[in-house]
Amino acid sequence: MKKFVNDPDDVLAEALRGIAVAHPDLRVDAENRVISRAEPTRAGKVALVSGGGSGHEPLHGGFVGRGMLDAAAAGEVFTSPTPDQVLAATQAVDSGAGVLHIVKNYTGDVLNFEMAAELAEAAGVRVESVVVADDVAVQDSTWTAGRRGTGTTVVVEKIAGALAEEGADLAAVAELARRVSGAGRSMGVALTSCTVPAAGRPTFELPDDEMEVGVGIHGEPGRSRVKLASAREIAKLMVDPIVHDFGDPVGPAIVLLSGLGGTPLIEQYLLYGEIAPLLADAGVDVQRVLIGDYITSLDMAGASLTVVKADDEMLRLWDAPVVTAGLRWSA
Amino acid sequence: MKKFVNDPDDVLAEALRGIAVAHPDLRVDAENRVISRAEPTRAGKVALVSGGGSGHEPLHGGFVGRGMLDAAAAGEVFTSPTPDQVLAATQAVDSGAGVLHIVKNYTGDVLNFEMAAELAEAAGVRVESVVVADDVAVQDSTWTAGRRGTGTTVVVEKIAGALAEEGADLAAVAELARRVSGAGRSMGVALTSCTVPAAGRPTFELPDDEMEVGVGIHGEPGRSRVKLASAREIAKLMVDPIVHDFGDPVGPAIVLLSGLGGTPLIEQYLLYGEIAPLLADAGVDVQRVLIGDYITSLDMAGASLTVVKADDEMLRLWDAPVVTAGLRWSA
Amino acid sequence: MSDAVSIDDLVAWIRAFRDAVHRHKDELTRLDSEIGDADHGSNMARGLDAVVAALNPAPASASELFKTVGMTLVSSVGGASGPLYGTLFLRMGPALASDEVDAETLGAALRAGVDGVIARGKAEPGDKTMIDALSPALDAWDAAASEGFAAAARAAAEAAARGRDATEPLVARKGRASYLGERSAGHLDPGATSATLLLEALRDTLAGTG
Amino acid sequence: MSDAVSIDDLVAWIRAFRDAVHRHKDELTRLDSEIGDADHGSNMARGLDAVVAALNPAPASASELFKTVGMTLVSSVGGASGPLYGTLFLRMGPALASDEVDAETLGAALRAGVDGVIARGKAEPGDKTMIDALSPALDAWDAAASEGFAAAARAAAEAAARGRDATEPLVARKGRASYLGERSAGHLDPGATSATLLLEALRDTLAGTG
């Protein structure tokens, strides 16, 4: 396993140490593995808490800061945080105005956040939750665990974070978060497996001439394994199911093309060069686009595409200032 | 070769297409492979031009924008741009106030930029050049090609870019750029080789239990090959030669820890958690730090550490607003 | 007394489960690699190490024991298995209010626990989860409970193993494996495998009892 | 006329060089992988393809031919080899002002070219660069020039090959290989290898001439 690690079991604790020393504007609670803003939540501001398994950096810790999250609970690599962690994050940032939990739809994340919300409510903190379930690689059904949550999470965190910063109340922030969440669709492709440090070897073996289509962000195999294709063909494999799933013409949209951790930027841009015309052809009017590593799967080579149908309010809040390690701009 | 590509020979052209469509505030001259700001250079503003082989993204194209570069000439993967390209970049952004060429010290880059500067001068453009040669893995000597230019380039581009934005003249911008360049030291470690698309296979073979110490950013093997070590030991292999090369106590510094393209952020933070205390012990007073993929080597797993001894002026200009694809903040 | 178990027996069970999980850690992770995210072995090992640490000194009552086990799992595992295994034990506690734990009470406690898992996770038998091992194990336990602990535990462990094996051809409908759709068939479910270890540990611990 | 070459011969030489580089493209890149950045084969192939395209229609004079070759290399190769090979040809042009190109004039032109490479790149013999093939080749050419083209080219190609082989044990002092320090020893220099192809192409092209 070719990684910068000491003991594979200490990866999270040690990465948090690096984050703490690199970012004085963040507070890292090493015991609970919670990253929060160093400044306490402004009185009356709704707080946003997200979290999940680690290995998806900059998600979520990299999105803590002005205009986005107030705290993130970092689980072990690919393992949802425990209710205690989420509760600690929640209590650390509640100003009394309530807390929005932003949860990616995985059984573990949902269950642990649910338990944390119960505990927080019992402790007198008002909690609303939004569950992001945007991965069109997974057939949606009430009989199953439903769709995974992937790239739309970044967009939800950004837009809901901006609204909270403006002083909206918990109900309004939650409502918008759910609207953004419902407007997003994602699709991922992996060229290689990732390697979970504690496992020490690639999660799956992938021959040199094959790729996995419809992967999530936990190194799980995808929906199907096919022959390695050109960037042009891969772009189609990503765009088509998203557009198809929307059904109606999409119109104005925010687009995120995220590398999965092992794919360099030059390839991501090349891929986006193929994706952009396909989106245009399909009636997606790309208003904003982010390209880079935003939601990753350790060292997996691959990329995931997210399209969020965006109205004017969403675009305005997308453009609002944000100051985090992973996303940073001013109005 | 597991990459998002169509034809390996078209990688650069196609990546530029993606950049063009993703960034409306950039102008991409597809013929000359020049990325420049969409807005013409403000009259009287010194223009900054850099460039080099591609495969190091976001360097250099990702650093074109307000507060940093005016244009970047993108060579083929790992191949310096031709004089024509650099000349085109130079002429595209000269406002009459002159152009600073920021060149990484590689024979190819130096020769091609030299020829371009001669051509530009002949065409009436005033050109100054700064050559960055910061890689302590390479013994410095007047009898050799000297040290490679690596991470300090990012810091030179940021700080000189800010001074140019303030309206300083060519001599002043060049003088500062040389000062920053002289104040930087870098050291890189690779855990895997990269794969040049046109070559189709890894540049070097590296057994599972070995790593390359003292690598550059072109996939060239390093200064020595040693047993794979823990992050703690690797941090020492990076910090020690830098500190040793400075000789005198460093004091206030800007630090850049850049992933080489295939190493995810979680590992970079973990590594920085090991680097930070070593720097502190060695008297490096880290005033600013950047962690992420800023100067890469295609899909190589590894990292490079850069320490730039920084005075107050450099820190002030480092903090000045910057709006580029790869680096973005406001004052 | 041959038809009741002591706190020490129950603690021994949990320790035996911890040991079994450590022995099968790599196998659990490998199974989770195939249809999940390669962490079930380390999740369970981490949680049970914390549990064993929390059981020293041993709690005074069976209900307190299982409360500690459940709370510790919830707060140290994360993932899907943390809240689910945690709930299993948390719900067992109240069902063991009396100090006399015979085969029927332990069976009732296990059922309360598994009902809790179903309530939390909403999985049904056949969804390819730990329920596929736990549910048949309970039925087997109840059917054999009148023959005493050892017999009940033997029957339950066997039924769990059969249930685990029966997950192989199934297409997952719950948990992370469900994302694979049809591709989830042909693999054992990691949670059903660890749940079988739980019941086998019980069988082994109770082998000497009535 | 047996002791002069025509424009067509010179064009044929450049074409033969292009073909040789294509045949050895992977080898050049492999050599550059070992002590450089794995692009020398594609750099040279890209540049010479552009050159061959630019030579259609063929230039009217030898000096114009080499100017075109040099400018095209400079503007299409990049890297270290672009300006260096470009300079080689750019400097040959002026030395061939007359239309009569005999073995001595071609030798003088080559020397002007190589002097230009040295002025640009500041490499000396023994630095493990293309100079290590070019320099001895020139000396051999001059020594044999009185025997006519074919003999001079044969001698030059042989000397270049020996110079190339002699780069193997050297520690590089110029170019990218110098970053490897001692580790650069034990490998042929890619630029010396392509330079040998240049002179072998000349030998093969002139084999039929006096």
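The letters A, B, C and D name the chains in turn, as written, and every chain counts its residues from 1.
Definition applied: a contact is a pair of C-beta atoms (placed from the backbone, for glycine too) under 8 Å apart; a residue touches a chain by one contact, two chains touch by 3 or more.
Just so it is clear, the structure is predicted and the values come from calculations on it, not from any experiment.
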Subunit A and subunit C: spacing of chain centres that average the CA atoms, whole Å: 32
Distance between the centres, which are taken as Cα means, of subunit D and subunit A, whole angstrom: 55
Subunit C-subunit D separation of Cα centroids, rounded to whole Å: 75
Shared-contact residues (touching 2 or more other chains) in subunit C: none
Contacts with 2+ other chains: residues of subunit A: 77
Touch-based graph of the chains, sorted into line, ring, star, complete or other: line
All touching chain pairs, where touch follows the definition stated at the start: A-B, A-C, B-D
Complex interface listing, subunit B residues touching subunit A: 2-6, 11, 14-22, 54-55, 57-58, 62, 77, 191-192, 208, 211, 228, 230-232, 234, 261-274, 276, 289, 291, 293, 296, 298-299, 301, 303, 321, 323, 328-330
List of subunit B residues in touch with subunit D within their complex: 9, 53, 75-85, 106-108, 111-112, 114-115, 135, 137-139, 143-145, 148, 196, 198-199, 203-204, 216, 218-221, 223-224
Contact footprint of subunit B on subunit D as seen in their complex: 29, 33-39, 42-43, 46, 74-84, 120-121, 173-176, 178-181, 183
